[in-house]
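What follows is a pair of complexes built around chain A, which joins chain B in one and chain C in the other.
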Partner chain A sequence: MESKPDLPYRLQNIDTRIIHALILILILLPLLRPIGLPVQISAGTRAAYNAIEAIPAGSLVLWAYEMNAANEPELMPAAIAWFHHLMRKRCKIVAFSIYSEEAPIFAQKAFETVGKEYNYVYGEEFVVMPFRAGMETAVAAIGRDIHGVFPTDFFGNRTDTMPLMQEIKGLSDFAILLKTSGWGPDVFVRQMVTVYGIPMVANCTGIVAPGAMAYLSAGQIQGLVGALTGAAEYEQLLRRPGTAAAMMDAQSTTHMLTVILVLLGNVGFYASRRGPKGGR
Partner chain B sequence: MTANPQLWLAAFITIGIYSFLWKENPLQKIGEYMIVGMGVAHSILMGYQNVKSMAWEPMVKKGVWYMAIPLVLGLLLWTRWFKRISYLSRPSISLLVGVSGAVALRGALDADLFGQLVATIRLPLDNVYNWILIVGVVGTLTHFMYILPGMGAGPGRRNFLGEVLQFIGVYLGQSTIMIALGAAFAYTIMGRVSVVIGRVQFLFRDWIYLIPK
Partner chain C sequence: MRKEIPIAVSFLAGASIVLGFFLNVPFFKVTASRQLLNWAVIVAAFALALGAGNLTRIHVTNAAKRGKHWPYSIILLVCLYGYLGLGLWRGASDSIYQWWFNGALVPGNSTVFSLNGFFIISAAYRTWRLRNWRAALLVGTAILVVLGRVGIGQAMWPALGPISDWIMTYPNAAGMRGIMIGAALGTISLGLRIILGIERGHLGVES
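Moving on to the complex of A and B:
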């Protein structure tokens, strides 16, 4: 007869289906009944808020809107908060993408959601450009000649007849460069910040946030909204709780479970090393 | 519960994909293939539109003849599929690699090297965070010094500088790297959880209205 596995073994080999079920429960419960755990504002998010707050009302804003289906849940809350912030100040926004083919769809979706509230007019105060291939070379080209790279917008309308695009001669006309993406700010720092000296604020996914912090510390970007936490912080600074604030409770409960599971796994590991089978 | 067929389809695919957590099944495969198929189809369409608006139309409608050059170079890339003439793709690849490298290099030295270096050197040591940053940078850089620690050492001869550098590299450098990797991994978990929360919100809020909007 096979002997039952001991506790240290079981602690290290919890059935993943149990973990998945626990995660689902711990996400769902706070969404159904929000706990309202406090969110502490980080320096990067505060700097991002201050940088956008500092630009004059009605300024031109260039926005590298690199969102896709995979990172939308993480990036959209901060993007929505930025839209509110910019539209309150009636800033004129030009959104483009060079990494994510489906990004213009998400930019338009966010604009339609928030723009209505502020009576924004497409073509006069907001325009979404089509995806352009070429990655870093495309960024360099946009810096050199934005009209040449985007003769038409995402919908095929000519950009040279748009009132918003007629205000733009070059990159120096923009008050700030915003970047929403699942990649670090390095390409934009190299091709736009360093070359043209345009101030930049980044919103990125959690995976790349630690790497992006080096650019914030060096003063190469003026603010950093990292992951969903950053979005929740930004919503708090904006005094407009949105989806990120609602999601943060679920984040916290899931993280607690992760910490507990890591501890249990380690306890199991060390117990198995000290036990008769581990043989120390 | 919503009556929108688009949301029903999205819910079907979401549940299908997540059913993989139980075990591999046809529902998950259908969802997976649909997503991959749609992604590829969208990319092809975007590529086609890019070529059409950036090169083909300017050449045909406006007579910008030199747009034929990128078009020909682009076509040559496809020769990689045919072994006998695959060498024709080399000029296009060389150009892609060369231009990308040159463009990246333009700002790389300033942005990624000197910018970071100068900012670290100028860091005011008036708070504990900056001290940690300096110690971490020095430790990490020392960790990647492979020559100095061994230099001058031999039988009966000690290299004190080397030993000090090795100590800094091993203890401070490795610890800093491990902490940085830990932070990156923790952020990764946060990112992945965000995606799950997004889908749970979609299913229970947008699809079956269990969570209030």
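Moving on to the complex of A and C:
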């Protein structure tokens, strides 16, 4: 008869289904009953806030709105916070996307949600451009000739008749470049920041934030809002709690679960090495 | 001529863009590079159509031959052309088009992406073992960052936030910068090889 596995073995081999069930419970519980844990503001998020705060009211803002359906839950809270910040200052926003075909829909959705509150007028204070293929080449092309790349907006309206687009002669007219995406700021640093000297602030998913830190510490970008944590920090700076703050409790509990599971696994690992059987 | 013409085109296009950055000559700085970049955007749009065509060919063949998972091929084709047709007919701002986007694509795609969280936690539990001092360093750093980035860790020990920030700003950024500079040098070298016609792999020829 097969003997029952000992405790060290079981600590190292918890059933994946139990782990997944625990994750699900620890995500759902805080969403249903928020704890309201405060988060400390990181240097990157504070720098991003300060950079946007520093631009004059009514400035032109270029926004690489590279959101897609997969990363929307992680990126939208920061994007909403940015919309609030920019619209408070009545900045004029041009949103475009090069890497995500569905991004214009998300940009328009966010604009419709937040824009109403500030009575923003489409075409005068905000415009969303259609997706353009070409990746880095397209970014370079926008830098050289934004009107040539976008003769029409996402809805097919001519951009040369829009009051907002008539104010733009070239990239140097923009006070700041914002980027929301699931990858690093490298392409925009190469093709826009370095070439035209336009300051840039980035918002990216948690998985690419460590890579983007190199650009922040080198001064190539002026701020970095990393994932949901960054969004929650930004909401605190704006003094306008949103969805990110609510979701941060769920992130806290799951991060804590990760640490507890790692500790349990290591306790089992060391116990099995020191045990009479010499481990399994 | 099948090789020489594409190499000459690569040289002229690549050299014009590079010269546009370094020379203050209007032809290179404005005309050639701007025109070429606009052309590249148009060419890239054709690549999307090529991708859709290739996807159609593969899945039509699979469905016709009752190949592996053929019902999924039919679902893919119906979704691809049905949604394309809807977009062309009603426009991207149409409420039905938006309803499908918000009701099917967004939750479906977000669900798949969110599964990462489950797999990452499960993988961390199984692989983060303190087998030696190097592994201990890695796991210790990871735990400091994992806890330092969320409220619960900062509530337990307020210094965790600044420690996590320091790890991200200095050791992490230094390592990432090394990788990026290495990749950039590789890209410059490959770009020069293509412009000068030394690298011919993209033409289907051995270099």
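Side notes on the structure shown:
Note that in this section the second predicted complex is superposed on the first by the 275 of 280 C-alpha atoms of A that agree within 3 Å, B and C clash if a C-alpha of one lies under 4 Å from a C-alpha of the other, contacts with A are read in each partner's own complex, and residues count from 1 in each chain.
Heads up, the rule we're going with is that a contact is a pair of C-beta atoms (placed from the backbone, for glycine too) under 8 Å apart; a residue touches a chain by one contact, two chains touch by 3 or more.
Everything quoted here is computed from the prediction, not taken from an experiment.
Looking at the shared chain after the overlay, A:V193 reaches chain B, while chain C stays out of its contact range. In the superposition on chain A, contact is made by A:M135 with both chain B and chain C.
When the two complexes are overlaid on their common chain A, residue A:F269 makes contact with chain C while staying clear of chain B. Shared-chain residue A:P151: touches chain B; no touch with chain C. Within the superposed three-chain model, A:T229 lies in touch with chain B and with chain C [touch as defined at top].
Of the two partner chains placed by the overlay, chain B and chain C both lie in contact with A:E72.
Of the two partner chains placed by superposition, chain B and chain C are both touched by A:T16.
When the two complexes are overlaid on their common chain A, residue A:L32 makes contact with chain B while staying clear of chain C. Contacts of A:L261 after superposition on the shared chain: chain C is touched, whereas chain B is not. The intersection of chain A residues touching chain B with those touching chain C, taken from the two complexes, comprises 16, 20, 23, 69-73, 102, 132-133, 135, 137, 140, 186, 195, 209-211, 214, 217-218, 229, 251, 254-255, 258. Chain contact summary for the complex, chain C toward chain A: residues 17, 21, 30, 33-34, 37-38, 40-41, 43-45, 47-48, 91-93, 98, 101-102, 105-106, 108-110, 112-114, 117-118, 121-122, 124-126, 128-130, 139, 143, 146-147, 149-155, 158, 161-162, 164-165, 168-170, 172-174, 176-177, 180.
Taken in their complex, chain A has these residues touching chain C: 14, 16, 19-20, 23, 35, 37-40, 42-44, 68-73, 102, 104-105, 108-109, 132-135, 137-138, 140-141, 144-145, 148-149, 154-156, 186, 195, 209-211, 213-214, 216-218, 229, 248-249, 251-259, 261-262, 264-266, 269-270. Residues 16-17, 20, 23-24, 27-28, 31-32, 69-74, 101-102, 130-133, 135-137, 140, 151-152, 186, 189-191, 193-195, 205-207, 209-211, 214, 217-220, 226-229, 243, 246-247, 250-251, 254-255, 258 of chain A touch chain B in their complex. If you check the complex, the residues on chain B that touch chain A are 21-22, 35, 42-43, 46-47, 49-50, 53-54, 99-100, 103-104, 106-108, 110-112, 115-116, 118-120, 133, 180, 183-184, 187-191, 193-201, 204-205, 210-211.
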